[in-house]
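Below, chain A partners chain B and then partners chain C, in two separate complexes.
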Partner chain A sequence: MRKRNSGKDKLITVALHIALAAGLFFAAFPIYWMLSSSFKSNTEIFALPPTILPKAFTLEAYAAILGDPVKLRFFFNSYFVAGAVTVLTVLIALLAAYGFSRFNFRGKGSLNTLIISTQTIPPITLLIPFFGLVVSYGIFDTYVALILTYLVFTLPYAILLMTGYLNTLPRDLDEAVAVDGGTSWTALWRVIVPISLPGIVATSVYTFLLCWNEFLFALTLTKSTSMRTVPIGIQLLMGQHAFEWNQMMAMSVLGSLPLLLIYLVAQRFFLAGMTAGSVK
Partner chain B sequence: MAEVILENICKTYGNNFNAIDHLNLSVEDGEFLILVGPSGCGKSTALRMIAGLEDITSGSLRIGGIDVVDMPPKDRDIAMVFQSYALYPHMTVFENIGFSMRLAGKPKAERKKRVDEIAKTLQLTSLLDSKPANLSGGQRQRVAMGRAMVREPAAFLMDEPLSNLDAKLRVQMRAEITSLQKQLGVTTIYVTHDQTEAMTMGDRVAVLKGGVLQQVDTPKRLYESPVNAFVAGFIGSPSMNLFEATLTGDDLISGTFAVRLQDEAFIRRPGLRSYAGRKVVFGIRPEHLYDSSLESGRKYQTIPAKVTSIEELGSEHIVHLNIDAVRVDSGDPDAVEDFGRASNAVAKFEPVSTVRSGSEIQLGLDDVKLHFFDPETHLAI
Partner chain C sequence: MTRQKRSHHKLKRAVAPYLYLSPSLLIVGLLMLLPMVTVIAYSFQNSAVLRRDPSFAGLKHYQAIFDDPVFWASLWHTLYFTCMSVVFHMTIGMIFALMLNSDRINPTLRNVLRVLYILPWLFTAVIIAVIWRLLLEPNGVVNSILMQMGIIGSKIEWFSSPETALHAVTFANIWAGYPLFMVSLLAGLQGIPKDFYEAADIDGARAYQKLIFITIPQLMPIIISISLLDFIWTMQVFPLIWITTGGGPIYATEVLSTYTYKLAFSSYNLSQASASAVVILLISLGLTLFYIRYQRAR
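What follows is the complex of A and B.
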């Protein structure tokens, strides 16, 4: 290896570290601010100059949220919608991806292109048409409206992701099942799905996050407070009378926790080597 | 147990590529048939058609007297060992071997009994709870065998099952598979591109080239009477030397040397006389060329040759030579082209031979062992 002895190299290293530190601060400070504010009282939040650490540490914001059934309902709604969409997306994407990956059929190419092309449409342009559709189907302000709408956005990418993953699995495995007396259906559920966990986890995480964070469609396609999801719930705290900053921040923290947990749990599935030992 | 009969089987892939051309083959009950040929000649295609993994474009296929052309693999009563093994990575060795029984709905106790039996035969008993990832190459190979054996199928199909093993293990597994096949007595079709496997393992060998069957025969007969130059060159290692020469009277003449043929050569091949005055391809195996300075080589007629290089293998010397003749290509795409400008022939000498690289020698040639082929069609004369 070349020895780094020139002053110029050292300067570059120092500059790089400063830039990285600035970047880290930029990314991490809002998170810190959210955490810190969630443990303050609302009056302290409006104090000038602002306090970096909570002067009087309090859990009142959390108590206000966790003790209020209306606000807990936001969480339930978010979990339910995101959960349902995730399960449905993974199921449908698996079946579609298995078809794309393992079978040849008429129109396969154009269907694939169609799926990719849906990704180029900015979702916001679909807001009004979807609103119209949802109302005319009589599902406005229901879970079904949100679930169906989210599926439209999650499925194309999930199918592409899963197809890519299944393409990496050796076809010999499917054929071994065929020779062992199984059908394609058997091969899919007994062999392909169990060894596709990394792909399934990746797809699930992507889908869940997309639904969990979605704001615009959730705002437009629901109306009653009992149908609102967490992102809308946070916004609702910017009430007519007061800005409940500490509660907004506490709700944001509570809303981010599942994502954090998902990442931690999912990480171990991303480790490679699920098919190790299968071939060669 | 059953016979497998292929009649006029053709395979045309989607891109109009004819991978198999009118393949006729009948494998007897309990027979170990080797399907051999250079890579890309259609061996896997043929095997996969028998397994039902590939559609048959035309022709008929019967396994145990039943027409299986339109049957899916699971109804064909065959078991297959894949080149890649294709073990189920998330299952233990026990589950891998027992999977087909599980799909067939066999009760747990019966499954356990049968898998244990097979594991014992294959010396896998201590590994039954391991996952494929924790096995060595040879062990994985055995699990793949076990998965095929558990079904007690009408026929075993194996696609280059040893190609992923190192040379030493390959020799060992070669013997194991052969004795296992004898012991089980199940009709077996074994695909390989390795002529050594072909010669040592099977009852009969089918040689395939470019999707066309060349010859089906016992290893001994393939070696002794190849039907054409391709089979002659493909079977045997190192390959048979093939040269062009002119037949003049009783002499084969090439460049500056002549080989005198005995009457017997013409009696055994009535067609040979008609090549008088014309070009003919003659072939001689490396083991039928001799160092004329040794006792073993003294009795043969000789031709002049120049030694270009020697590989001393201990039990024998592989001697690369140059003789005054035009070498003929047998048409094996896999043949290692080690014939530079300097060398055009290979001989096997006894290790006591003292010939040196670069020296001019008299090369003994056992004319009784010559093979003759038509220069145009390459068919044996």
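What follows is the complex of A and C.
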């Protein structure tokens, strides 16, 4: 039980709440400013003194983005690439995780270390050889180039995440299938996959986030406007119309929607994905 | 089961894990290990990638990089950017986690604030860069607030003057990255047994004593492992700097990743860029080995 001296105690509580408010301002003001600027006209964004709430609320920036097929294509590309990589990653990682979780074999320990250590390879180091490979195989500026490269970055942690999940499932389940004469392949699809949904969702969320955020490879391995993803689209917008701040903010809001939605709907999985590898 | 059948079954059991792992191994081998070997090979060639039959260059490109003052400046900026980011991520993350964990605030407020404090995490580096460019525009809201409060006398060009640019990008990165610490430390705080604090209360310990002698030592494993990971990841940051300053003005915010990128894709000196990429790889590898050792020792 804590002894409390009421006068001093109240003061501490008040101070704490002031600190919390300051923290809130620090954390949320930049986001709020993005959101409110996306509903302003360009002249109002730089009005003096600054207007906290949009004085003349307008959706013109959103209309400009959503009415432009070039920009819609950025969104399509991002969703398509991230979606394709997520499906492939989950499938391939599931197989590998099943191997790691249910079998003992030579080299298991070193393969596991290899996979853990690939997580910290600097993207810029792989960029130059990837560029060389992509150009020489003639897949520069294609979806295939992006999907293959993203797979390399999503796979290692996806395998660890799935292995961790499969390890929590009792082995009796697949042994029951073996007793009935089924192969490990049948056990995987009939028994393991249906009860692995939480692990699969967490892996998908992690993979999708990683792809959605990727910038460096999308910048280097694509060239035509029709192949660009949202992050590159925002950068292009910045270069082309350096003064259309409201459009840039509207595009940023739209580009953040998937992450915000995933966070709101599946907070647990989101956090699991974002703390990738850091909490064992 | 007959003997033959049993040995057949055994063989299947022995081959199966490799079959399950084969797609992953193929991808990691072909698209990760092979490119790493390739980039090392490039760094010893003249006109790598650009010519079909590059000649052997020896250590020429490494020599060129180590003789380049911009490389050393980039290394220094990377260190400054990374160390400041990690230290402040940790400090802010810790303060926020402790505040949210306090029993002085009501649970509903706690839950709302927890979500709001995580906000910076929900945005892509590119979007964070664009937001901070808007905030720190010479005519932007930060300058006008600071001027109204009398803190600065005239408009500051945060990202385009050499004196402030590096601090400005570091600040933006600090803002973007503290939630990783906050979330991990909050989880850690909830894992500290309550009776530690009760025992300390009985001994009449003060709040700061409990913080120094119970809370921080208990959180140490999390603090160390996340700091290491954060260090490795922050060192590799590219989009935030690329979009806010592009490494400029002049070279004021050039870091190893932007330096390497420019060598490769602005100067098309892919050999020298590869040498620089190998240097970054070696630094990361050193830190990763350290991290894996630490995780094993736990």
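Note that the second predicted complex is superposed on the first by the 239 of 280 C-alpha atoms of A that agree within 3 Å, B and C clash if a C-alpha of one lies under 4 Å from a C-alpha of the other, contacts with A are read in each partner's own complex, and residues count from 1 in each chain.
Going forward, contacts are C-beta pairs under 8 Å (C-beta built on N, C-alpha and C of every residue); 3 or more make two chains touch, one makes a residue touch a chain.
Not measured: the values here are computed from a predicted model.
Engineer: More chain A residues touched by chain B or by chain C?
Structural biologist: C
Engineer: Which partner chains sit in contact with A:98 here, chain B, chain C, both or neither? Use first/second/both/neither.
Structural biologist: second
Engineer: Touch test for A:72: chain B only (first), chain C only (second), both, or neither?
Structural biologist: neither
Engineer: Thinking of the overlay built on chain A, is A:155 touched by chain B (first), by chain C (second), by both, or by neither?
Structural biologist: In the superposed model, A:155 contacts chain C only, not chain B.
Engineer: Given the touch rule stated above, what does A:144 touch, chain B (first), chain C (second), both, or neither?
Structural biologist: Neither partner.
Engineer: Using the superposition on chain A described above, determine whether A:191 touches chain B (first), chain C (second), both, or neither.
Structural biologist: first
Engineer: Where does A:26 make contact in the superposed view: on chain B (first), on chain C (second), on both, or on neither?
Structural biologist: After superposing on A, A:26 lies in contact with chain C but is clear of chain B.
Engineer: Quick check on the superposed pair: does A:84 touch chain B, chain C, both, or neither? Answer first, second, both or neither.
Structural biologist: A:84: touches no partner chain.
Engineer: Share the list of chain A residues that count as touching for chain B in one structure and for chain C in the other.
Structural biologist: Common to the two interfaces on chain A: residues 183, 274-275, 277-280.
Engineer: Using the touch definition from the top, list the residues of chain C that touch chain A in their complex.
Structural biologist: 12-14, 16-21, 23-25, 27-28, 31-32, 34-36, 38-39, 42, 48-49, 95-96, 99, 102, 104-105, 109, 113, 116-127, 130-135, 137, 139-141, 144-145, 148, 175, 180, 183-184, 187, 201, 222, 225-226, 229, 232-233, 235-236, 238-239, 242-243, 256-257, 260-261, 264-265, 270, 273-274, 277-278, 280-281, 284-285, 287-289, 291-292, 295, 298
Engineer: Along chain A, where are the residues that touch chain B in the complex?
Structural biologist: 170, 172-173, 175-183, 186, 190-191, 194-195, 273-280
Engineer: Which bits of chain A are touching chain C when the two form their complex?
Structural biologist: Listed in rising order, the residues are 1-2, 12-13, 16-17, 19-20, 23-24, 26-28, 30-31, 33-34, 37, 45-46, 48-50, 92-93, 95-96, 98-100, 102-105, 108, 111, 113-118, 120-133, 135, 148-149, 151-152, 155-156, 159, 183-184, 212-213, 215-216, 220, 231, 234-235, 238, 245, 248-249, 252, 255-256, 259-260, 263, 271, 274-275, 277-280.
Engineer: Within the complex, which stretch of chain B touches chain A?
Structural biologist: Touch residues, chain B against chain A: 51-53, 72-74, 78-80, 82-90, 99-100, 103-104, 131-135, 137, 140, 147, 151, 164.
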